[in-house]
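To keep things simple, chains are lettered A, B, C and D as they appear, and every chain counts its residues starting from 1.
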Amino acid sequence: MAGASGYAGGELLRLLLAHPDVEIGTLTAGGNAGTRLGELQPHLLPLADRVLAETTADTLAGHDVVFLALPHGHSAAIAAELGDDTLVVDCGADHRLADSDAWDRWYGGEHAGHWPYGLPELPGGRDALAGTKRVAVPGCYPTVSSLALVPALVGGLVEPEVVITAVTGTSGAGKSLKPHLLGAEVMGSLSAYGVGGVHRHTPEIMQNLSAACGGPVSVSFTPVLAPLPRGILASCSAPVAGDVAGAAEAVREAYEKAYADEPFVHLLPAGQWPTTGAVLGSNVVALQVAVDADARRVVVVGAVDNLAKGTAGAAVQCMNIALGLPETAGLPLTGVAP
Amino acid sequence: MAGASGYAGGELLRLLLAHPDVEIGTLTAGGNAGTRLGELQPHLLPLADRVLAETTADTLAGHDVVFLALPHGHSAAIAAELGDDTLVVDCGADHRLADSDAWDRWYGGEHAGHWPYGLPELPGGRDALAGTKRVAVPGCYPTVSSLALVPALVGGLVEPEVVITAVTGTSGAGKSLKPHLLGAEVMGSLSAYGVGGVHRHTPEIMQNLSAACGGPVSVSFTPVLAPLPRGILASCSAPVAGDVAGAAEAVREAYEKAYADEPFVHLLPAGQWPTTGAVLGSNVVALQVAVDADARRVVVVGAVDNLAKGTAGAAVQCMNIALGLPETAGLPLTGVAP
Amino acid sequence: MAGASGYAGGELLRLLLAHPDVEIGTLTAGGNAGTRLGELQPHLLPLADRVLAETTADTLAGHDVVFLALPHGHSAAIAAELGDDTLVVDCGADHRLADSDAWDRWYGGEHAGHWPYGLPELPGGRDALAGTKRVAVPGCYPTVSSLALVPALVGGLVEPEVVITAVTGTSGAGKSLKPHLLGAEVMGSLSAYGVGGVHRHTPEIMQNLSAACGGPVSVSFTPVLAPLPRGILASCSAPVAGDVAGAAEAVREAYEKAYADEPFVHLLPAGQWPTTGAVLGSNVVALQVAVDADARRVVVVGAVDNLAKGTAGAAVQCMNIALGLPETAGLPLTGVAP
Amino acid sequence: MAGASGYAGGELLRLLLAHPDVEIGTLTAGGNAGTRLGELQPHLLPLADRVLAETTADTLAGHDVVFLALPHGHSAAIAAELGDDTLVVDCGADHRLADSDAWDRWYGGEHAGHWPYGLPELPGGRDALAGTKRVAVPGCYPTVSSLALVPALVGGLVEPEVVITAVTGTSGAGKSLKPHLLGAEVMGSLSAYGVGGVHRHTPEIMQNLSAACGGPVSVSFTPVLAPLPRGILASCSAPVAGDVAGAAEAVREAYEKAYADEPFVHLLPAGQWPTTGAVLGSNVVALQVAVDADARRVVVVGAVDNLAKGTAGAAVQCMNIALGLPETAGLPLTGVAP
C-alpha cells in the first residue's frame, strides 16, 4: 500500500486489519520511508513495528491488490508500471474525471485518463466495478453530495440546478503543514474556502449528477472547514420540479426506493436528521430529505465520514466488488460515538 | 438587566463593563435568582459578588435602560410594565416580526407587536432607531444573512430566491439542558436541524430581505450545529439576475458601496474568506462575495459572533444609537484569536 | 443488557456487535424504555429498530450474560434477582470496593459487597476472573492509574506516596444534563473538579495499589475535565525509592517485564509519549515511563479510552475470561485516528 | 513591535489597541515581512492595512517601548542595539534565567544574561520592575505555577518538593508548522510531552520557587497538550509540612493574605474550582486551594490564559509598572465566555 503515513492510508490500514480476507503486504511512503509505522500512526498497534518502504513500482510489485493513497498527480506513473493482473485502487483524483478539459481546468498537468468510478450506489455503478482491475475512488464531497442528490435528479423531482454547502472536518485536507490547519487556528473557528465554484470536487460532482440524469446539471458548491477531525455534513438543495403539492411524498418515496437494498446508505426515519458523529469510523452515508414548500426546494442533508466511506471505506468496498468478495466484508456499519 | 445568568446576558455584561458611559444596575434572573453571579458567570470577575434578583417589573424599575435577555415569550409582559421613559432593549424574539400571521405560524401564542428593529446597517435601519425607547434586537442568523444578501437584492443583482446554509456554534441554543447540546455529543460531530424552512429565524430573514428589496423573497434556510462555542458562518447564494458577464464587478462594487461607512461590517479584500475566529468577541460582521459563473450564482459568505454582533453587541449598538451616544462606544472591533 | 441508552451501554453494544461469539439479547433502559435505539444511539445502525424494555430482573432474565450499565446504586438489587448461573458484569461502582467503610465515606448507602475485580492485568487479576459469575468492572481512572503505577510499586522502585493528575474527556461524566457538561461550557475550557482527594475513584485506586504492593499507599488524585468526548491521560508519579542512579533502567525493565505478555497494555518505545487519540475506540492502555533525576521521581503517563478499555472493553474482556473465550475476542487493538 | 505575525504578537496588539496610553508604532516580522497584517491576523481589524517591516534594530528604533515576541535566542542581539532609554519588554526566554548553567543545560547557546523578571505578584517582584528599562516576561507555565505555589512555600506550609501537571491549549507552542500541532491531530486527543523534567520551563519554575522561599525546591513538571486554543490549567501539589490538622485553614489564610490586594490574582470562594474558560482573554490568574488530609498534600489549582496573563498581558502589565502608568491600564479583568 502506497501512502501509509497519511490520513487516508492510515484509515485504509485500520479497515484492512479487520478484513477477514486480507493480508497486509508492503507499506510505502514518500518522505517517511524508513520510519516505523508506530511513530507515524500510533493507533495502528498491530503494525507498529512495520518499517515503511519507498513508494516505487518495485516495492509495490507482487501484491494482488495495491492501494494508492498519494497526493494528486502521483498515481498514474506508479499505476502504469503495475501489471494488468494487479487490482489498483487509487484514492487520489488522477483517474476520476472523464473529461480532459475539466481535468485541465481544475487540476492541470497531463490527464491520466478515466478509471471505473468507485461509487457503486450510483445507477450502474456496481456493474462498472465488478471484475475491474482499476478503480478511481471518489472524492469525499462528491460521495455524499452525489448520493444526496441523484435520486431526486433521476426521478425528475428537481430542476438540475443544485446548491451544496458542505461542512467538513480538517482531516480532509490531509496531513499538510499549512498554517490554517494548525489546531489553534482550527479550533473555535469556522471558515469558508474554495468558494464560487473553484473547489476541485465541483467538476466531479457535476460529472456524477449529469451522468445520472442524462443532462447538464449546474452545481454551486461551497465547502466550509469546521473544528472536528472527521466528518462531512452536506446540505444540498434544488428547486422542486413541477407542483410542490405531493412533492414531499414523492421525494421520500424516491429515496426509499433508491436505497432500500443499499447496505451503506441509510435514509433516516422522518424527523431524524443526520449527524456526522453517528457515522464516524463507519462506511455509512446517512441521509434525510425534506421539501420546503415556501421556498419550493427539495433539501437533502447527508452525513459521511470523509476518511471512511468518503475514502478508505469506499476503497475497500470497491476492492470487495472487484474481487467478488462479499461487498460488506470488513466494513463497519456502526459508528464510534460519542 | 434581566436574564443575567444566560449566555446573551453574560455577553451583554461583558460588553457593558467596558462601556465608558454605562453603570450596571440591577441584575435579575429566573430560576437563578438569589445566586452570586460569580457562580454562574465566573468570567465576569468585577461583578462576581453581585446577587441576582428576581426578574420582575419592580426589580427592573428605575433604570434608564433595561436589557431583556429572556426566553421567547417572556419580554412583552415585563416591557409593558416599564415606563415609556425607559429604553427597553429586547434580545428575545417577541417584538421582531411585524406580521402576526408569521408570528402565529412560527412561534404561536399572542403576538406582542413590532418594535423598531435593531439592525442599523439595513437601509433605513439607523433612522428607525434614533431616539426610540423600544428596540427588538435581531436574531443571530438574520443578522448575518441579511447583511450578506441585502446589497445584492437591493441592487437587483440577484433573483429574489436565496439559499442559506449557516453553520453555528452551540451557544446559539442557549444554556439549555438538552441531550444533543452536551459536550460529548457536540464535539466531533456536525448535525443539521430545523431543515426545510421550519427554523424560526426563517420568517425574520424573509421580512428583512423583502423589506429591503420591496418585494417577496423566497428563503431556503438550513442551520447546521458545529463543535465550537461561538460563531456563525453563513453561506448565502442566489441566482445572478441578468447577464453573468460583469456580474462579479457589479456585485463587489455594490457591497463596497453599501458598507463603506459601516464601522461594523467589513468586506474582506478579494481572495480572503471570512472566519468566525477572527470576529470572536467583536461586534464585526466579515463578508466576502464571489460570482460562480458556471452555476450563475452570487455567493456571499458572512461570519459573525452570534453572542456579540449577533445579540449582545447589537443590543449595545442600538442603545448607543437610541441614546445618541457614539455608535461604536464600548464595542470591540478586534476579535479574540486564536 | 441494562442501561442501553447511556454512553457505557452504547459502547458495550458497539463492541458486542463485532464479537464473534455474542448474540445481543434484550436491551433495557430507565426513562428511555419504549424508545427505538436508533433515536438514542444513532451510531448503532444494526440495532436501530430495537425498542428498549424496562430495566427489571424479568426483562433481563434468560440470558447467559447480563451487562449492567446503570447509575451507581442500581446494580445490586437487579443482580440479586438474577440467578447464579447468569454471568453478571457490572459496569457501575456498586461492587468495586471491598471495604465497607470506604463505601460509606465515598458513596454512602448500603454497601452491596465486593465482586471479583475486572482488571486482569493486576497481579492475580486474571485468576480471580476465570469462571466467575460476577464481575465488578473497574472505574476508568483506576484502570489507567493502577496499570501505570503497579509495576513500580510492586518492584519497590518508588515510595508508596503517589500523585496522579488525570485529564479526561466529558463522556466520563455520562449523559447527565448538567450545565457544566454543555458543549458551550466544555469546549475551549479546562476545569478541575473533585480536587483534594474527594473524587470517588480515589479509594478504588488506593485499594488496587495497596493490594498490589501489600501495604498502605497514599494517593493524591486530581481529575481535570478537557474538551474532548473520550480519553483519559493520566500523569502519575512517586518518589524514587533508594538511589536515583540506575532507577531509569530498573523502572523500564520492570514495566517491560510486567506487560510483556499483556495484549492490551502497550509500553511505548523510549521517547514516544502516549496520546489518547491513538487508543480511541480500542481496548489498549498505552504507557510510557521516565525518571526525573533532579526531582527524584518516577513519572508514568498512561492513555486510555474511558469508554472502551476504561469501561465497556474491560467488561467484554472480563466476560471473555469468565466464559473461557479467547481473551481478545471482539476487542480492537487499533484506535480510530485522527 | 517585533514578531507581530505570531500568537504572542497578535495578543499584544489586541491588548495594546485597547490601552488608553499607547500608540502602536512599527510592526515587524521575520519571514512575513512585507505582508499586510490583515492576512496574518485577521482579528486585528483596526490594523489590517499595516504592512510588516523586517525585524531589525533600525526598524524598531525611535519608539519609547519595544516589545519583542521572537523565537528564543533572537532577542538579545536586537535588544543590545536598542538604546538604554528604550523600554524593552522581551516575551522570549532569553533573559529569564539568572543561572548560566541552567541556561546551558536547558536552552544552550550563549547566555544573554538576566533582566528584571516580569511577575510583579512574586515577593519583591513589583519593586524590581519600577522604572526598569528591560523586562523579561515569564513563561506561561512558570507564571501560573509560581503564583499557585509561592504562598504555601513562603509560609513554610509545604515541603519544598512540588509536583506540577499543567494542561495547556495549543497556542502555547506558537504558530509552528509541526505535524503534532495540526488540528486533526490535536482535536479529540490528549498528549503528554516534555515529561521527566526536560521541559524548558522547569528551571524557571525552580528559580522562582527557590527565590521565594530562600532554599532549594525540587520541581517535577509534566505538561499535557489538550484540544483547545488557549488556556493552562495547572494542578500543583506538595506535602504538608508539619501537622495536617489546621493545615486547610492556614493554607487558605496564606493565599488570601498573599493576594488580597492583587488585581490580577483571584482566589476563588471555597468550593469553586478554576476553569480556563473564565479567564480566556483576561489578565487574571484564578486559584483554588485544598488540603488532602489523607494524602497529606496541599493541592493548588490555577487557571490562566497562556497568551494573555501568561505572555502578552504580563508584558503590558510590566510596561505599565515600568513607565509608572496605572498597573491595570488596558488589561481586561473579564474573560470571554463561553
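Just so it is clear, contacts are C-beta pairs under 8 Å (C-beta built on N, C-alpha and C of every residue); 3 or more make two chains touch, one makes a residue touch a chain.
A quick map from chain label to UniProt name: A, B, C, D = N-acetyl-gamma-glutamyl-phosphate reductase.
Quick caveat, the model's predicted, so the values are computed rather than measured.
Undergrad: So which one's got more C-beta contacts, B-C or A-C?
TA: Pair with more contacting C-beta pairs, B-C versus A-C: A-C.
Undergrad: In terms of CA centroid distance, which chain is the most far removed from chain D?
TA: A
Undergrad: Any idea how many Å lie between the Cα centroids of chain A and chain C?
TA: It comes to 36 Å between the two C-alpha centres.
Undergrad: List the centre-to-centre spacing of chain B and chain C in whole Å, with centres computed as mean CA coordinates.
TA: Comparing mean C-alpha positions, chain C is 45 Å from chain B.
Undergrad: Counting only residues that touch at least 2 other chains, which ones in chain D make the list?
TA: 7, 169, 171, 184-185, 187-188, 227-230, 275, 277-278, 280, 337-338
Undergrad: Could you pull out which chain B residues touch chain A in their complex?
TA: These residues of chain B touch chain A: 161, 163, 165, 167, 169, 184-185, 187-193, 195-197, 202, 218-222, 224, 226-233, 235, 237, 239, 273-278, 280, 288, 290-297, 299, 301, 303, 337-338.
Undergrad: State the interface residues of chain D toward chain A in the complex, per the touch definition above.
TA: Spelled out, the residues of chain D in touch with chain A are 7, 169-171, 175, 177-179, 181-188, 227-230.
Undergrad: If you look only at chain B, which of its residues touch chain D in the complex?
TA: Those residues of chain B that touch chain D are 7, 10, 14, 17-18, 36, 38-39, 41-46, 171, 187-188, 229-230, 266, 268-269, 272, 275, 277-282, 284, 286, 332-338.
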